[in-house]
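Below are two complexes that have chain A in common, paired first with chain B and then with chain C.
Right, the complex of A and B next:
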């Protein structure tokens, strides 16, 4: 009886985690794509150099997100751990985090009236000590927001 | 460098595979491998079981005796049961080493053969039994499990399952605990074939002991009538397929031309519980 109950709880938890996780992810992607379109006029590049004659001023901008996996993704990843290989379950999670971090950075840049962000970099660090129980990490996108005499677009 | 704003048409950083599909592939594969290990080791174990040294069995029996808190000094009831068992074992053909009976004070209607030649009889069963012949049949059935090494087979499968779990998830993982808990209650299950073979063994032994097989099917018949009652569930969970068995039992009685004579009364020498 206890066994049945435990199995049922497990399946229920996994099912709920999957359903909720999928809905949240789809919503987030719709949101990301809409904002990315909106920010197309404010490019972010990894290039370090910029023509000094064209530069008005520059300032550090950054966007940061903290994300965690859900129960379903964690279980899927632990299954993948047995065989090795790409942990596809985390790919979309990280993809969303990166894009969200860039968008937040661009939002900051826009508030400063910048024309573009140069020398953009990513940094990441894990938050919380036990990867299994509370696996979450921060993704930080940062760069130099510049105002230009001749606008890029 | 001229900047032209353009969208990236495709996301290359996320695999196209549906996570649910991957989940079922991985889980299916895992169970497949586990089943393969389980059955191949189980098969090997079945082949080796008859050659298991007595010391190893003694080790297992110790663990089980602790689990079921088997007492050292037998009660009057246990002495009486032991007498019945000894007389069964006195029949030459069994070829088994002496077994011991223990009564477990639980309302469960059940009896189990555990390693080390121990037979556990639950007090719930003693309340249901009406004659000595019936009880002999039940004890002989458990002796049948010993004779066919069924008790070790069940244990072996359980050990293999535990081994697989430890291999995959580690000794202190909650999943291993979970499996071990499940094992302690289900590893004494025998297959339909094993039950039928033990029945056949018991019937032959009963005939040798009493010269007839009166009372052999009585207990099963009564179980069948009372099937709906909840406290019989335990018996069915470790002794399933009773209807089949009853049919086969009657068939064997006919085939072997065993006689059905008057059964002997049962006196368990305990006030209130005997007949």
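Right, the complex of A and C next:
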């Protein structure tokens, strides 16, 4: 009887985590896509060598986000660990976190009236050493926001 | 009008970039590497909130703020070191983060201190 109850609780927890986690993720993606469209006019490039003569001024900008995955995904990943291979559940998590970080960086750049962000770099780190079990990561995007003398049309 | 630094946490007289130059200005002297770092531990309160948030996934706002504050601190220390050397800009800035102990992280910012005209 006790085993049945435990199994039921486990399935219920996983079910709730799955439902809420999926809703949150979908909402986040809709939000990200909307803001990315908004920021199309402010491109971020990872190139360092840009035309120096065309630059008016520049300033460091960065954006970061700490994100964690839900219980269901962690369970899936632990199963996947047995066989190896792609963990699709984590891919989407890191993808949306990174895009969120870029957007935050661009928001800072827009506040400065920048035309683009050059030499953009990513850094990923786990918070604390138990982070892999707790499952949260920090994603950081940084670059130099520049204003151009001749603006692209 | 030049771009001013983001936020009031940095001295606006110091330019920070992560490219090899300060756009629109000429570098006249190099002062070598400067760095700033800080070690932060997580707060028990935000840890509990994060534990709950961990169930459904998503952003852990408490941690985001914690690391953001720490990074500003690291940048500020780097800038102070640069100013001590007589520099007025820091170029090629990089960030590094490492987990050094249970629940604590070191955040570091480093770059090259230079003087611009």
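Simple rule for what comes next: the second predicted complex is superposed on the first by the 149 of 153 C-alpha atoms of A that agree within 3 Å, B and C clash if a C-alpha of one lies under 4 Å from a C-alpha of the other, contacts with A are read in each partner's own complex, and residues count from 1 in each chain.
To be clear about the criterion, a residue touches a chain if its C-beta (ideal position, glycine included) is under 8 Å from a C-beta of that chain, and two chains touch if they have at least 3 such contacts.
All values derive from a computational prediction rather than experimental measurement.
Novice: Record, for the superposition on chain A, whether partners chain B and chain C clash or fit.
Specialist: Chain B and chain C fit side by side in the superposed model.
Novice: Thinking of the overlay built on chain A, is A:108 touched by chain B (first), by chain C (second), by both, or by neither?
Specialist: In the superposition, A:108 contacts chain C only.
Novice: Could you look at A:73 and tell me whether it touches chain B, chain C, both or neither (first, second, both, neither)?
Specialist: both
Novice: Tell me the contact category for A:95 with respect to chain B and chain C: first, second, both or neither.
Specialist: first
Novice: Based on the superposed arrangement, let me know which partner A:58 touches: chain B (first), chain C (second), both, or neither?
Specialist: second
Novice: Touch test for A:147: chain B only (first), chain C only (second), both, or neither?
Specialist: A:147 sits against chain C, while chain B stays out of touch.
Novice: Contact-wise, after the overlay, does A:125 reach chain B, chain C, both or neither (first, second, both, neither)?
Specialist: Second partner only.
Novice: At the Cα centre of chain A, what angle separates the centres of chain B and chain C, to the nearest 10 degrees?
Specialist: The angle comes out at 120 degrees.
Novice: More residues of chain A are touched by which chain, chain B or chain C?
Specialist: C
Novice: Once the two complexes are aligned on their shared chain, state how close chain B comes to chain C by Cα atoms, in whole Å.
Specialist: 15
Novice: So which bits of chain A does chain B touch that chain C touches too?
Specialist: Common interface on chain A, chain B vs chain C: 73.
Novice: In the complex, go through chain B and note every residue touching chain A.
Specialist: Within the complex, chain B touches chain A at residues 3-7, 11, 13-15, 17, 19-20, 22-23, 26-27, 29-30, 168, 178, 181-182.
Novice: Touching residues of chain C toward chain A in the complex: what are they?
Specialist: 2-6, 15-25, 42, 50-51, 53-61, 63-64, 67-68, 71, 93-99, 101-105
Novice: Taking the touch rule as given, give the residues of chain A at its contact with chain C in the complex, in rising order.
Specialist: Residues of chain A touching chain C: 13, 16-17, 20-21, 24-25, 28, 48, 50, 52, 55-62, 64-71, 73, 93, 97, 100, 108, 111-114, 118-119, 121, 123, 125-131, 134-136, 138, 140, 142-147.
Novice: Chain B touches which residues of chain A in the complex?
Specialist: Going by the criterion above, the answer is residues 2-3, 6, 18, 36-37, 40-41, 43, 72-73, 75-76, 79-80, 82-83, 86, 88-89, 91-92, 94-95, 98, 116, 152-153.
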